[in-house]
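Per-chain residue numbering starts at 1, and chain names A, B, C, D, E and F are given in the order in which the chains are listed.
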Amino acid sequence: MIKCVYPGSFDPVTSGHLDIIERAAAMFDDVTVAVLVNKNKKPAFSAQQRMDFIKRSTTHLKGIQVDSFHGLLVDYMKKRDAQLIIRGLRAISDFEYEFQMAAMNAKLAKDVETVFLMTDISHSFLSSSMVKEIVSHGGDITGLVPEDIKNDVIKYFCR
Amino acid sequence: MIKCVYPGSFDPVTSGHLDIIERAAAMFDDVTVAVLVNKNKKPAFSAQQRMDFIKRSTTHLKGIQVDSFHGLLVDYMKKRDAQLIIRGLRAISDFEYEFQMAAMNAKLAKDVETVFLMTDISHSFLSSSMVKEIVSHGGDITGLVPEDIKNDVIKYFCR
Amino acid sequence: MIKCVYPGSFDPVTSGHLDIIERAAAMFDDVTVAVLVNKNKKPAFSAQQRMDFIKRSTTHLKGIQVDSFHGLLVDYMKKRDAQLIIRGLRAISDFEYEFQMAAMNAKLAKDVETVFLMTDISHSFLSSSMVKEIVSHGGDITGLVPEDIKNDVIKYFCR
Amino acid sequence: MIKCVYPGSFDPVTSGHLDIIERAAAMFDDVTVAVLVNKNKKPAFSAQQRMDFIKRSTTHLKGIQVDSFHGLLVDYMKKRDAQLIIRGLRAISDFEYEFQMAAMNAKLAKDVETVFLMTDISHSFLSSSMVKEIVSHGGDITGLVPEDIKNDVIKYFCR
Amino acid sequence: MIKCVYPGSFDPVTSGHLDIIERAAAMFDDVTVAVLVNKNKKPAFSAQQRMDFIKRSTTHLKGIQVDSFHGLLVDYMKKRDAQLIIRGLRAISDFEYEFQMAAMNAKLAKDVETVFLMTDISHSFLSSSMVKEIVSHGGDITGLVPEDIKNDVIKYFCR
Amino acid sequence: MIKCVYPGSFDPVTSGHLDIIERAAAMFDDVTVAVLVNKNKKPAFSAQQRMDFIKRSTTHLKGIQVDSFHGLLVDYMKKRDAQLIIRGLRAISDFEYEFQMAAMNAKLAKDVETVFLMTDISHSFLSSSMVKEIVSHGGDITGLVPEDIKNDVIKYFCR
């Protein structure tokens, strides 16, 4: 059975991320959503919170595991014995960056494959940073993050 | 079991196409390579020849079927009861065209999904037209098409 | 008062075009939708039919005129004493082509300005060619062209 | 009457910005140039200085107001009762970013429209950061910023 | 001594092409402008006319030869014992196509190198097709083609 | 004789950089690799170390000089009496940034020319940041940096 990993910062998980998770879950039996812990970046939410947000947003899906990792993605793939990296591409997107990463990962680990799913076009403008920008100025994020975590995201920024 | 279709003109199949076929075969159990028959275009090779080229290039792979279709891809997907469209993306690529097609197919058939694989970087400049351009001027196409069909492709253009 | 021209082939007018027309109408008082007649291209619909389709799709809008022209756009602008060219940009789009045209028109007529409106993201994959491709294979074009002309577009391709 | 807002950092205003302001002023009667105050960024010039630079560069234009704002642009639009956002697109440009912002603003406020003007091709390489980079190393910025503020910009970096 | 070839259709040579020729001539001692003869395309001007236009536009330059070729560029490079392909890149440009060609040429002939010069930004929107489009509708092409050939280009299209 | 400068951060020099240096050396007699010293950035390696890495990687090449500079590139060009800037373009690349810089440099110094070489396709995903990212997590950088400096780069990050 193919094991898949969907890596990302998920700070916080958006409706666009959830869309990719749902579609990956429909396609593959074993999907891990893996929160990247990067010591050099200061996320708004801790790894624990980010994992919790993903878990609460995916209770309706089967076969989804949530984990976190640091270091190189290819090392994490090896540790989990996973073969497939899943990445979402937005029509409006950091396309070149994704290709650079995929090419580098292909070089570092020959048995690891990357597949790209296209983010639903209605989410193509959406990013975690934009969500944070909007909510921090009191804007409405309904539809931009999963309904289950919306209030917690708002609460965090209104402290 | 997920049924996949890898559609294209394959006029003729290149080493880049073969790379995508091999990687799809490693990932999915049921992959159909489907030659698009477009009445408005004049291919160099007939649908029959193009299917034959693909068959001879994929004898080392399991679970690969070769077929042809005309009309809308989503109708062909339905006919085959297939859920997954596979497309290769070249780093140097008609990226926007692929997204436009994927978005349109998503609109026309909600249960059809497109996944993109990244063409190996060493094939990123390769296209069927380039192969035809080179061979028609007597250039060397070794490595650009599968070894099994190279001589037939050359022979065709040197008639 | 500023006079605007929204030029294009409109073969046929799509829901994406209509979206741009509606937004231009909300912004400017005098908007002409101008069908380009290009002798070197073979449209599916005659200039007369294309104008008729646009008229029937815009009966709910005020201040919209429908016309046709051939030759250089800047000459047509001068003839109508119009100052503003309106163009839709699709997120997935021939962006560079639009800029090349706008730069050239700016060079040919210094008093002519081009403004770009962003096509609604739900139409960003849509083009007249795609509509023709779909309908010619019997696919469903509901939502892709204005409802008022849908049946005529279908009828034309099913002759 | 349509009220327009041309938002930006303007740190400092460049000849490219001025070109957009002049063309917006020729097209619309009520144009506000709005300096974005972002607490998380450290501009070279204070909001007050940036507004002052814009005012001194636009004394030859009618109907231009200069203001500053913080928070979400759509909230500022509402506060000013403005309908139209004006953005310049450079042929060499952060095109995708602009589209992402426009799509997000369209989502946040349905009655707000964004129009894009094309920066004159001779300014297409120009940005505020480049101006600062050049002047901070003693390079010549003639033609890169409005003549009226050139000396003040130079003076600031030679303190 | 390095021998350079600047290949293209030059149908007709534009001011943008001339700009690249002048800059190549300033950099290299031996530059051949090579008109591509493609049997599958119908140029407006014959190879002989296109070569004549280039010769008349470059009388002020030293070390420029004008030639024509058909077939693969790398074969022509070999025939002339030339090592360097020169290509102009427009800021608004078919960038990906150029890279695809350069990668393919690098594969076909390992000792051939491609260098790219940037077209002057004031010519970045200019192409031979645009020149033909404009002149065929009676538009003004002053500044778009070399002054020495302007009248002949106009005359041709007004026959 | 034409004097060339290949400027960059080279923090550290990669196999992609070395590829460009080798090809520039084959084409031009006088090539200076110039390490940019930017006070606002914190490089992993000092200017001295970066120059040393380049020297050790280019001992097999003739006519290569290694230097460092700060301030505007055009000023450094003048100081060295150099006419030609060499830049590598990756197929996957910051293309627009390069054009913006070249256009700006053309404006600041009319007698300075920029030529672009295409990075070999097998290095098109490679960057100094990626090398640092990989080595800092203990990944294998064989083939990503010149063999002569590999151990020193590894040693630095494992302190």
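The rule is simple: contacts are C-beta pairs under 8 Å (C-beta built on N, C-alpha and C of every residue); 3 or more make two chains touch, one makes a residue touch a chain.
On a predicted model such as this, the values are computed, not experimentally measured, just so you know.
Trainee: Overlay subunit D and subunit F by their C-alpha atoms and let me know the rotation angle in degrees, rounded to the nearest 5.
Mentor: Angle of the fitting rotation, subunit D to subunit F: 120 degrees.
Trainee: Could you please state the distance in Å, as a whole number, between where the Cα atoms of subunit D are centred and where those of subunit E are centred?
Mentor: That gives a centre separation of 39 Å.
Trainee: Could you grab the centroid distance between subunit C and subunit F? Build each centroid from C-alpha atoms only and quote it in angstrom.
Mentor: From the centre of subunit C to the centre of subunit F is 48 Å.
Trainee: With chain centres defined as C-alpha means, what is the inter-centre distance between subunit E and subunit F in Å?
Mentor: Chain centres of subunit E and subunit F, defined by C-alpha means, are spaced 30 Å apart.
Trainee: Got the subunit F residues that touch at least 2 other chains?
Mentor: 91-92, 99, 103, 121, 124-125
Trainee: What pairs of chains are touching here?
Mentor: Inter-chain contacts occur between A-B, A-C, A-D, A-F, B-C, B-E, B-F, C-D, C-E, D-E, D-F, E-F.
Trainee: Give every residue of subunit D touching subunit A within the complex, in rising order.
Mentor: Touching subunit A: residues 71-72, 74-75, 96, 99-100, 103-104, 107-108 of subunit D.
Trainee: What residues of subunit D sit close enough to touch subunit E in their complex?
Mentor: Contact set of subunit D toward subunit E: 91-92, 121-122, 124-125.
Trainee: Across the complex, what residues on subunit B touch subunit E?
Mentor: On the subunit B side, the touching residues are 92-93, 124-127, 130, 133-134, 137-140, 143.
Trainee: Any idea which subunit E residues touch subunit F in the complex?
Mentor: Checking each residue of subunit E against subunit F gives 2, 23, 26-27, 83-84, 89, 91, 95, 99, 102-103, 106, 113-118, 120-121.
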